[in-house]
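In the part that follows, the structures are each spelled out as structure tokens.
First subunit A sits with subunit B, and in the next complex the same chain sits with subunit C.
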Partner chain A sequence: MHLAGHTKRDIILFSAPYLLVYLVFLAFPVVYGIYLSFFDWNILSGKAFVGLRNFVQAFSDEKFKSSFFHTLQFVGLSTPILIVTGFLMALISVRPTKLGKAAESIFFLPYMFSTTVVGTLWAWLLQKNFGLVNQLLQAIGLKGVGWLTDPNVAMLSIVWATLWWTAGFNMILFSAGMKQIPDEIYESARLDGAGKFVTLTRITIPLLKDTTLLVVILQIIASFKVFGQVYVMTGGGPYGTTRVLVQYVYETGFNYFKLGYASAMSMVLFVVILVISAVQLLASKDDVQ
Partner chain B sequence: MKKILLNMVVAVLIALWLVPLLWLIITSLKMENDVVTDHLTLFSAAPTFKNYIKALTTTPIKQWLLNSFFVASVTTVLTLFLDSTMAFVLSRMRFRGRKALYLFVLAGMMAPFESMIIQLYLEFNAFKLLNTLAAVIIPRLALPVGVFILTQFFNGIPTALEEAAYIDGASRFKVFTSIILPLGKSAMFAVAILSFIGSWNDFLWPLIAISNSAKYTVTVGIANFQGTHGTEYALIMAGAVIASIPQILIFLFFRKNIVQGIAMTGIKG
Partner chain C sequence: MKKNRLVLALGLILIALMTVGAQKPIEISFWSLFTGGDGEFFDAMVKAFNESQNEIVMKTDTVKFTNYYTKLTAALSAKNAPDVVVMHQDRLVNYVPNGVLMQLDEYVQKANIDLSTFSPAPLNSCKFNGKLYAIPLDVHPLVMYYNKDLMAKAGVTKVPETLAELISAAKAIQDKTGAIGIAADNTTATYKAYTLTRLFMSLLMEQNVTILDASNKRANFNNAAGVKAYQALSDMVNKDKLTPKQLDYDSSVSSFKLGKAGFHFNGVWMVGGFESQSGLNFGVVQFPALLGKNAGWTGSHTLAVPVQKTTDPDRIMAVMKFIDWMTQHGEMWAKAGHIPTRTTVYSKPEFKNLPHRAEYADAVKNTFAPPATHKWPELYDAISDSLEESIALNKDAKAALDQLEKKVNDILK
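On to the complex of A and B.
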């Protein structure tokens, strides 16, 4: 490929625009964030180097600890259910029938909506007095639930809305994996007299190991970043029981203007996601050539 | 018996996903008074488009839609330009450090927006770009996952055509625009959709970068609706439908490409 000449010049010309934007608006903010996390920087008081004090402070800050806990709670609740549901959806949608096709569309469409549309829709569906869910519960003689106002269920409501919103994404990944399993394997299993359940547990699930690992990791990362649904549906309430990490960083930075402290807390999120991504990268190393 | 049970699971799952969608539409077509009653009505006496008209005429939603269109379109075009030129270098040029450069770009996939909001705010404040649509656009442009998709795809394009073109004296620019880009169309399309939808649905950063409600994107605007229109549920749902029209259209026309795009990032990423 030396035929074209000017190789060095062309490498620079073609990669400079991307690299410039990448360095200034992606790489630099990462480094700058690490730097900021060592400073006490209030809009009012100015900047002062404090070493690791922000991090020490975070771990004795009840609000930080509870926000971190709520995020973990959301990750723990949402990940298994979103994966199992996505898998079930994939089983339904890979069937080459009209119903399978229609189901795929219905399951996937919510994923296209923005987090605020999903949040407002579910805030309405779960509204205490006039929302559809409570109206249906009352129609069959049950008592309505304070889906967004009861501290014991508010987080579950957010998980529910998120399930509806993004399970279809996991479905797509699972069904792409399922389509890669050669038909012959199923064929020979059938000839050996294997039933549907055996085929599922002995062939489909084991052969989807890589896909499943990927879905799990992507789901954990996505769940750690939860913010929009919470912001719209509960605002972090009731009594701060759904306040998540990103929201606390947002509030600390833009309501209380403690920029250094907020940076330090966002570094915690950054490191968590970095570690999880590193696991994924190691697991899929062979694919990057 | 087992079959009936299985079909019931399928039916329940589909219903659980379909009903919220239908309720969104149904609510938006009701009179406001019929929405807040304590008995369940499927439809008002007659479906009405009043809420849509009200949303379009008495709220800034039209302006927000325009802002979103501008932001998402510009983001998509610029992202395609940046990502494809970078992918061309990574896929077709041979030089020392190429692999390291590729890994450096891919590492960007691990940096979540959610952990960069403070720094980006300060950076855009220093550039005096806060409260402009440019601020919403710029941080999304260097889409590392786009470079990944395109590089992998370009790697799969045979080099014979290019070699013939180079022998005929074609420049790299010529080869890029008249061979690589046309052959990479489907991957470019996947990246375009990823970029457009991602930009349209972006929430956290526009929420921070824009403080003037006339410059909101529609995603931020809808979050604001609840605050300003509290219990006008029919109006809010009409607004939510209007805000989702582009995604619904893209979904209807390009469902296959979207699915393909996700599968491509997923399977290989």
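On to the complex of A and C.
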């Protein structure tokens, strides 16, 4: 670029505020977290170096294993539904009609609420004895369900609340991708006599490949980090059957005063997410070639 | 004439402004965790304190309960905490040994706070190695609530005092009125089913057994007393079916509040909320002696003084005045249901005239605090989860207690 003299300085200047925030609130905590995972620390007094003990402990800790398993359960249940729903929502909302515009706003609206609001809202709606959902079921003669108190149902309720809350974000990504597909392609397909279904499977989905990859990676990462809605809706219950890893990390660090052990468990989660994302990226690169 | 008055008025205002400026009240920062029904009573007390004198101004900041200790711990770690904080008695053991709370004996003496007017049990539970680290504001024990109308309908004439009486009364109510016999949460939803641990500890203590051994190093309930205590809890749900399965805290409270439960086990903090419910005709007594003598779990709110980067004795003395005033005006706090800690409050007419309070004021004598181990928060969660699981799956006493003992000892080792 011919503005070279200016741009370098400008690049630094303009990105400085973000870089500062990034360094202080992201880079530093990550590095400090790695450091802490080798220590015994109760946050209020001195640290003691313990080597790999925290990691060894994690793999013999039943609560860590069950929490990790519940997180995997949530990832497995929520990821496909969230992606498919986001895609379907995008299909509806990209239509250049008034209905499409309205749908886009309606689908995205829940995403703007905070975790606490979403969690509290669904906790009340799904409350077993006094919640609206069960009141409606009982009004039409059905039996109420222990949405948050039945161990077979509680995790599904959390997935449902998450779907309601965050599918709109995937919709935005998908519809941005859809809008980039040139109209000419659709037009020529129409001229060739392709129906709606064929257009969808032969044009829209293949051309959204990059977007889909992005959505899948972001969604898996987000699902692994599930915490707030579980904490508010079920508190990890009934009897710990929905306790997820980040919740256990939080409780271990701030309620049980074991910051080092909590950091070590976060590192395990960090590595798992890193590996999964790397594998996905590599696999998709091979495809493209 | 008119002009003179105006000048006079202006002059007075000026003098008033000058004196206010000259006295410069000390501003004391304060964090509290009362967001529930008790919050409004607490704020009213702080306001009354601020209006009662003009040397000290309390600036309250209320933090949402679920985040309170996280925020407080971080602030204490940075020596950045407010001048005075509310802390549950069972949490003190997590902070005192780390030297983040001021030792108060010297300041109590300087401020002439008469410690002999405090109930001994709650005061002693704020001492570590004989030194005082917090002042108890209240105790809030587990109690039994009963619905008078449902009892009358079912022909129950006596408030149950034994396990057999409780079960037959609850059965009568359930059979004749269709209400829940005993509302006590046994399932975690928005809140963990801590009531199970509180009941279990109380039932053990009624048989003179503590939940941990004297050194707080091992579980102490896998024995005959433990079997009786667990069986009583499990039978209410599984055998006699007086408590529905999957009853969470909100349901338990709401069903009693709406007059749909005969008996309800919970802390005294619900008294204020139940009183405001029109049409609910209830009574409240200390936790009954179901398995032996009277004994009830209790929590206690205390006021503690964080260690600052630099100690300012003037500020600490101001805090002591505040603490003295707050504990002396326990009758205002009792409106929220909590039991005051200063015996001088009990004789005040304002306290005596409060309904219900006299019925359960006795409880103070028979309460006990959770074991003083820094592992208590983790144990409290683990015991509640494990009891919840065993009762939900209707495990027998041996399987339930074996599992519970293993979990507790694993944490303590």
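By our rule, the second predicted complex is superposed on the first by the 242 of 289 C-alpha atoms of A that agree within 3 Å, B and C clash if a C-alpha of one lies under 4 Å from a C-alpha of the other, contacts with A are read in each partner's own complex, and residues count from 1 in each chain.
The criterion applied here is as follows: a residue touches a chain if its C-beta (ideal position, glycine included) is under 8 Å from a C-beta of that chain, and two chains touch if they have at least 3 such contacts.
Please read all numbers here as calculations on a predicted model, not as lab measurements.
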Given the touch rule stated above, what does A:E184 touch, subunit B (first), subunit C (second), both, or neither? neither
State whether A:A123 touches subunit B only (first), subunit C only (second), both chains, or neither. both
With both complexes overlaid on chain A, does A:A262 touch subunit B (first), subunit C (second), both or neither? first
On the A-aligned overlay, A:F254 touches which partner chain: subunit B = first, subunit C = second, or both, or neither? both
Is subunit A touched at more residues by subunit B or by subunit C? B
Quick one: is A:Y239 in contact with subunit B, with subunit C, with both, or with neither? Answer first, second, both or neither. second
Which partner chains sit in contact with A:D192 here, subunit B, subunit C, both or neither? Use first/second/both/neither. neither
For A:T149, is the partner it touches subunit B (first), subunit C (second), both, or none of the two (neither)? second
Would you please give the residues of subunit A that touch subunit B in one complex and also touch subunit C in the other complex? 123, 127, 129-130, 231-232, 254
Listed in rising order, the residues of subunit A that touch subunit C in the complex are 42-45, 123, 127-130, 146, 148-151, 231-240, 251, 254-257
With touch defined as at the start, can you tell me which subunit A residues reach subunit B in the complex? 1, 3-4, 6-8, 10-11, 14-15, 17-19, 21-22, 25-30, 32-33, 36, 85, 88-89, 92, 99, 103, 105-110, 112-117, 119-125, 127, 129-130, 132, 135-136, 138-139, 164, 169, 172-173, 176-177, 180, 211, 214-215, 218, 221, 225, 227-228, 231-232, 246, 249-250, 253-254, 259, 262-263, 266-267, 269-270, 273-274, 277-278, 281, 284, 287-289
Report the residues of subunit B in contact with subunit A in the complex, numbered from low to high. 9-10, 13-14, 16-21, 23-24, 27, 35-40, 81-83, 85-86, 88-89, 92-95, 101-103, 105-106, 108-123, 138-139, 141-142, 144, 147, 155, 159, 162-163, 166-167, 170-172, 175-176, 197, 200-201, 203-204, 207-208, 218-220, 222-223, 225-226, 233, 236-237, 240, 243-244, 247-248, 250-251, 255, 258-259, 262-263, 266-269
Taking the complex as given, what residues does subunit C use to touch subunit A? 66, 69-70, 73-74, 76-77, 94-95, 98-100, 187-193, 246-248, 250-251, 254-255, 374-375, 377-378, 381, 385-386, 388-389, 392
